[in-house]
Amino acid sequence: MEIPILSIVTFLPLAGALLFIFINRDKENLLRYLALFISIITFIVSLYLYFNFNAQTPDPQFVEKGPWIGYGINYHVGIDGISLYLVLLTTFLMPIVILSSWTYIQNRVKEYLIFMFLLQTGIIGVFVALNLFLFYVFWEAMLIPMYFLIGIWGGKRKIYATVKFVLFTMLGSLLMLVAIFYMYNLFYKATGTYSLNIFDYYRMILNPNVQVWLFLAFGLAFAIKVPMFPFHTWLPDAHVEAPTAGSVVLAAVLLKMGTYGFLRFAFPMFPDALQKFLPVLGVLCIIGIIYGGLMALIQKDVKSLVAYSSVSHMGLIMLAIFALNLEGIEGGIYQMLNHGLSTGALFLCVGILYERSHTRLIKDFGGVSKQMPIFSAFFLVCMLSSVGLPGLNGFVGEILCLFGVFKANKVLAILGVTTVILAAAYLLWMFQRVMQGPITNDKVRSFKDLNLREIAYLTPIVILMFWMGIYPQTFLRKMDVSVSNLVNQVNRKEAIFTEAKKENKPPVNMHVLTENEKDKDPIAKEDKESQ
Amino acid sequence: MTDYFWLIPLIPALSTLILVLFGQKLPKKYVSFQACFAVFASFAISVISFIGLLQTSHEHLPIIKNLFSWIYAGNFQADLALQLDPLSSIMTLVVTGVGFLIHVYSVGYMADDEGYTRYFTYLNLFTFAMLILVMGSNLVVMFVGWEGVGLCSYLLIGFWFDKHSAANAGKKAFIVNRIGDAAFLLGIFFIFINIGSGEFSIINQAIGSGAITQSLATLIAILLFVGATGKSAQIPLYIWLPDAMEGPTPVSALIHAATMVTAGVYMVARMNVLFTFSGSANSVVAIIGAVTAVFAATMALTQNDIKRVLAYSTISQIGYMFIGCGVGAYAAGMFHLYTHAFFKSLLFLAAGSVMHALSGELNMQKMGGLRKYLPLTYPTFLIGAIAIAGIPFLSGFFSKDAILTSAYANGQYLVWALGIFGAVLTAFYMFRLIFLTFFGNERLEPAAKSHLHESPPAMTIPLVLLAFFSIVAGYVGLPVVVGKNLDFFGRFLEPVIHKAHEVHLSLGTEWMLILISVAVAVTGIFIAWVFYIKNPKIPPNLVARFPGLYKILYNKYYVDEIYNTLFVNSTIKGSEIVYDHFDLKVIDGAVNGSAKATNFFGKILSYFQTGFIKDYALIFLLGAILLLGYLLF
Amino acid sequence: MIPLSYFLILSIILFVLGAIAFFVKRDLITQFMAIEIMFSAANLAILAFAKAATSLDGQIIVFFVITVAAAEAAVGLAIILLIFRQKKTIKSEDIKLMKG
Amino acid sequence: MNTFYALFPLLIIVAASLLVMILEVFFKREDRSYLAYLSLLFLIASAAACVKFWNKGYSYFDGNLSLSNLSLFFCSILIVATFLVILISMKYLTLHSANYGEYYALLLFALSGMIIMVSSSDLIVIFLGLEVLSLSSYALAGLRREDEKSNEAAIKYFLLGSFASAFLVFGIAFLYGATQATAIPSIIEGLKTGSSIGTLGLVGLGLVVIGFGFKVAVVPFHMWTPDVYQGAPTPITAFFSVGPKAVGFAVLLRIFIPYFQDALESQLLFGLLWIIAAITMIAGNLIALRQTNVKRILAYSSIAHAGYLMVAILAKDILGLVFYLTAYLFMNIGAFAAVIALGKKDHEYLELEDYRGIGFRYPWIGATFAVFLISLAGFPPTGGFLAKFYVFSAAVRQGLVSLVIIGVLASLVSVFYYLRIIIYMYMREPAYEVDINYDNPSLFLALFLCLYGVLQLGIFPGNILVLIRQAVAALPFL
Amino acid sequence: MAHFLFFLLAIICIASVLGMIISKDQAYNALFLIVAFVCMGGLFALLEAPFIAAVQIIIYAGAIMILFIFVIMMINLRKGVGPEKKRWTVYFAVVIAFVLIAELVLTVKGTLEPISSAAVEKLGNPTDLGRLLFTKYLYPFEITSILIIAALVGAIVLVKKRDKE
């Protein structure tokens, strides 16, 4: 029996949270250091995943499978090249986030850290779960800590924002739950056994009409999470009101759950419906890109600007993964990481400003660079990473995304390329108004430059930005096999459908391959061979 | 001898890194020494590599050094690879050579600035990015440099970021460049899709073997050229360059005159096979270049800001380079690029020296008679002006003439005529500049006059050196009329620039063309002399006679304003309207509205909950009635 | 013989009248009386059915229902008394502290 | 086994209530908590008796008393519920000067009524059990005699309850007329084989639905619920929200699940229950949005939950229904326990405004309350989520997709008001001091037990599920 | 004869219930109710349930109504409370009454005629009833004891005078 490394990574934060319950709330520094320690340990443990990850196989690795509730509801976790990095991103950001709220969060430190850890467990769980039930449990469970984080430590309209966030997200996920039920039932009807294992579901070939509904249900949940236009309005509110750390996690990781969901669930399960909806989705993404960018341009609040920039960026990511080719999806995943880093970092920067000035309105700043040269440098790098400057991470992702899109649909790519311009426009303009120009607000004169702690948490991000920009091979190579497997899977299923249509077969309600059939089927065959 | 060419960009990069990390703690002297030395080292290696290249046979070109695999995903594969061939070699020489001189100049120019270290960091970073641009062996790496120099340009224009105008100009430069970059990116994608690689050598081969159709080639070429118009400040994306003068003057010299802005020309030359294959794209390049050359020159006529005049002049001169490329004379275009680097940076540095002397004064109307105060600046400035004006025996003459001759030879008479017209204007505005600055009455502000002094040696030595090069640089590419095989420059580039078709003009025609261009240059100078020395009343009279024309020229055809209303303000206004009325009211309104509707239904339903037993019984009975009714009917 | 449906219809009428009385009356006691009528009406129906089925079971049911009604009367009247003691009213409309 | 033993679970409870009544006379007021301990002891004994009969499947009195696993499981959870209610009442009663020994007696009577109901399949017996339950309930609702709200709750509950009972009796009459039987299996058999008189049976069942619909509080027979819940003493409210609901559904389950299996006329009633389930889920949740009184919020929430449970009936999912009830028991009693915990002498904090900042002032109570609310809202990893998961997935299996969509959307609405309480507890600054009586060990024990139950059911429900599966396996119901 | 008796009792019964609805005075209401219950006892007897008829009269018309009258006397409202007079309530009441009656009648319409002929004379023998009660219905019969105790306790708890502490 190997060490259950994935479970450790997932539940270590939870254990931390439980531990914290029993620590006196007055020992704030102990809590903080302990939290930092735990989060760093989690990160270190998660590095084990990276170094022992076998890039040669699309199969999930570090798999742990155990009976849980039964009837298909099992504990089943594992990671592949797609989820690996999202897990790492989460564990990487957590120490940073905890450091960033070291002084920002002054009251209720204990609860704050507990919720942070709960959140982390929830997020990692989403990325590692291979059982739909388990996935859904984490998916929903993670809402609660986020709800508290925004609601307790948020800004003036925190309650509105947090309620909107939770309800909006739940709207989608509840419908997804219905779809999960539906599939659960279909699988049972077809095979006589219960399963919620996603690999079993991958094998199902669903009637196209059914697929459409299921895809809509799954898609809505993910689209809200991403968020895709026009489901984006919760995001600016949530971001603006959330505490810095909350915004960071929200932007960096939470939004990725949506894109991840598309990749992991919606694509391989409903390829036919996907094809049907591709035009609509593509248009929505494009609207999201341009619309988000334009809205970002005119925001008066820095955080809300970054939030809308997220809408735009996530639009590009979605567009890229909808390209359904290796370049697009790898680019999309890469861009998810980039967006996680750069937008996360931007929020950290905004947080640093906020901590000094207690305002986030652009007009209250101006000339900050003069007072805070080191900060200015960090902010600049983060901004440029978000702009997609070559040499930094954003570029690699962006160019791959756009290339993938281009390969699939030139018109969309041409429209999508506007992101290059828009991102520069809104971010540089923001940078100009906040950091440059003469100092107009006397408060700015009292700003102190970054302290060691702030440098300490920004530096790893910046280093990673450069690393990812200069030597992306470190990251790309481990996802190749998984992504190409995904692409093939979608295409092969698609092929089966066209075949069925051609032969004018009566529409099968569902077709699950039995053991014998598996040998004939290309998907199953390869599965066997690869084992 | 070419083994270590890949170190050329890495040395400045290393220097940048050191300055970023430790710069704030290092002494000023060390900082400047390191920065200059890094560029000098690069220059030295460039020279060595250049010599090595001369000894390498054509078959071994280009020499490629693959540093590592960079972005690999599916069909999109790009190595981080550098290449050395004649084209890049020339560019490295120019970049590091001129760059070195400007670094040295900056030591003096920026001596008192508080952002000293930051300045040199940026400058080194720029050198690195520019070298990456010119040495990249594929489009993606080139794009890295392309954007990198854009970034440095942004940083350096906005170097004095606490000035609104500077910050604004930097941002404007970056964004306008990005518009071009977006098109450039699309061009790259087209190439990747259709050819499967971004390596220049592979692209050239593929085009040679007919991998793409001519119309596709045109499309790609135009897209790439749009990128070039952004970077090289051509119509319609030139508007950022005049504003870029907000940066320190050495920066204007290095980035906005000598190197970065010519990247577009370099790129077109680099992709010459594609452009030639397309044909129509070439015409576009030529026409845009010619129009820009004249257009920018007219705007330079009325400006009073020295640096702005020079900026428009740069735009105009780059237009000439594009004419060269557009008419197929890539070597001529590159040649002009090369000579322009010297004399334009000379002009800028000299202008900087003037400014330095006058404590930052830029307005020509407040100068005059500076000849005697600035004994070194004046002659060097004059040399630069003569060179750019196209007076024979100086570098500008040879290169410009080569371009115009090629244009004529290719039958692009309109382009040629525009070029000639531009040349008159060039000569005029340059000497207007000279006369207003160094001749005539002193119109100095008293405060400025008290500090009047010649610049320190760190600044003047580069001036002298550049002046020297402005004179002699042209002799590596002598025209045919002088001798058959004296165009060393063109021949050196031959392995890179595949001549599609060569048209030979008769010697007589060549001479005639030379004479015409000399004549127009002289005419321009003469008019300037008449206007500003002989009879200084003429310009005000002209202004009085043609106020409309003057106003248009003075206000640069209102292009900035038009762009602002057309693109910038309308976008912002439109976005604001959409935000207020659509995002908040419609989309968010739908979200909040559904919540409100839900609440409203709740309210209605709770009205039934009156608290009276009777009403409860009523509801109960109604429920029973409905229930039974449902069962019965 | 009286057709059993007569009994049934009578029982229905009484039941509905009881229900209506519960609805229209405004004092708690009479409302409770109305409920008693409804129980009785139900008893009548059961007995009619029992007769139809010629089975004694129905009568047993009625027996139990009467017991229940009696027990209810005890508790119900106690509650009404309690209300009267506290509020000095047995008007149904006065029971209005909680709503919404 | 001797019939006498079979009566043990019931008899122990009845004996306990009688004993409590007798002993009450001998105890001084301040010692009355011993009565509670005594009751708890008897409850444990009764539960043990239930366990004894597990997996035996005895049936006595011609099926009037059936000790099937399902009955026993219901008995057990009802005993647990009563156990918890007694725990949360002990201090409450002294704080609100209602420390009567009869309280426990009545509670135990109510429990005995419920046990009678769940362990029988004869409508007469069920009716009698229902009345035992109801009469005790009426009295319990009015137990805080000095409190006008309590009085009003009692009278409303009593009048409307009796009104509904009359409908139930009338329904039984019709069913008897249609099938000449009162035992549910015979009735179902009669209705299925068509040997009965169609319409009569149908309407009879409809009237029975009204009767039990009232008990379990489904729309439109729910009107009493909020008022009674608000007025009744809070532990009793907790009891009402769980006990009658559980038995109501136990009866509906016995009637309708076999009936729906493949009865000819079932389509009509199926549609009826479908509509009732839908409007119950919608209306319950919608009205709850408007409430500011925590008890009323929980009341409407319990109405909404009745809707979800109705879905389980329609889905013919006994497992889900039973599991749901079990989870619901813990989370709802837990929630009320938390409400009670926030009380002091003669005062309860029930308005939302009172809850400002409670979460940080009383972190343990706040946190547990939050967990119960989250569970009620159906978030994982709590019992509430798994319960909904089972019920809705079974419903989808039966093709009730649109009903499930209504259900999930309604529960989306519910999230708002559950979270609203949390908002007040954690996200608003307190406007005034809220001081509570903290000396309440039994309550905290109950809170802990409920918390444990909710989490155990949410995370590791395996053991309970095994039991429920065994319970369900003993179908059909006898 | 039987017909006549039935209709007589039925009409009296309905009339007294209507009287109860209309009348204001609670004492009258109680009296109307007694009349109705007595008539119902008669009807029970017509249905060959003499024992039940007796029980009906003794318990209902006797015991329960005495209880009612006691309470009424204890409360002794000076002004009676009539039925709701608001117009819409009355309309509602009438409409509901008719609809409900119609529905229920529709339910039972024609249900019983076919079997009603086979009436047996000795149906309501109290001995048989008693035997049945203690054999087949022993369990529910025992439950009634619990029921009554519970009711007793409930009633006492609610109205017993207690010393305030």
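By letter and in written order, the chains are A, B, C, D and E; residue numbering begins at 1 in each of them.
The rule we apply is simple: a contact is a pair of C-beta atoms (placed from the backbone, for glycine too) under 8 Å apart; a residue touches a chain by one contact, two chains touch by 3 or more.
Keep in mind it's a predicted model, so treat the numbers as computed, not measured.
S.K.: When you check each chain against chain D and chain E, which touch both of them?
M.R.: In this structure, the chains that contact chain E and also chain D are B, C.
S.K.: Taking a step as a move to a touching chain, how many steps at least join chain A to chain B?
M.R.: 1
S.K.: Using CA atoms only, can you tell me which chain is the most central one in this structure?
M.R.: Here the chain at the core of the arrangement is A.
S.K.: What is the chain whose Cα centroid lies farthest from the Cα centroid of chain B?
M.R.: Of all the other chains, the one whose centre lies farthest from chain B is E.
S.K.: Between chain B and chain E, what distance separates the C-alpha centroids? Give it in angstrom.
M.R.: 102
S.K.: Distance-wise, how many Å sit between the C-alpha centres of chain C and chain D, to the nearest whole number?
M.R.: Roughly 26 Å, centre to centre.
S.K.: How many angstrom between the C-alpha centroids of chain C and chain A?
M.R.: Those two chain centres are 64 Å apart.
S.K.: So what's the Cα centroid distance for chain B and chain C, whole Å?
M.R.: Measuring from centre to centre gives 96 Å for this pair.
S.K.: If a residue has to touch 2 or more other chains to count, which residues of chain D qualify?
M.R.: 124, 128, 131, 135, 138-139, 142, 145, 154-156, 159, 163, 167, 174, 177, 199, 203, 226-227, 290-291, 416, in rising order.
S.K.: Where in chain A do residues touch at least two different other chains?
M.R.: 167, in rising order.
S.K.: Mark out which residues of chain C touch at least two other chains, giving numbers and ranges.
M.R.: Residue numbers touching two or more other chains: 8, 15, 18-19, 22-24, 26, 31-32, 43, 48-50, 52-53, 57, 60, 64, 68, 71-72, 75, 78-80, 82, 95-100.
S.K.: Applying that definition of touch, give me each pair of chains that meets it.
M.R.: Listed in label order, the chain pairs in contact are A-B, A-D, B-C, B-D, B-E, C-D, C-E, D-E.
S.K.: Quick check: in the complex, which residue numbers of chain B touch chain D?
M.R.: 595, 598-599, 601-603, 605-606, 608-609, 611, 613, 615-617, 619-620, 622-624, 626-628, 630-632
S.K.: Which residues, counting only chain E, touch chain B once they are in their complex?
M.R.: So the residues of chain E in touch with chain B come to 84, 89, 92, 96, 99-100, 103-104, 106-107.
S.K.: Which residues of chain C touch chain D in the complex?
M.R.: 8, 11, 15, 18-19, 22, 28, 31-32, 35, 38-39, 41-43, 45-46, 48-50, 52-53, 55, 57-58, 60-61, 64-65, 68, 71-72, 75-76, 78-80, 82-83, 86-87, 95-100
S.K.: State the interface residues of chain D toward chain E in the complex, per the touch definition above.
M.R.: 14, 17-18, 21, 29, 60-62, 64-65, 97, 100, 102-103, 105-106, 109-110, 112-113, 116, 120, 122, 124-125, 128-129, 131-132, 135-136, 138-140, 142-143, 145, 154, 174, 177-178, 197, 199-200, 203
S.K.: Considering only the defined contacts, which chain B positions touch chain E in the complex?
M.R.: Listed in rising order, the residues are 614, 618, 621-622, 624-625, 628-629, 632.
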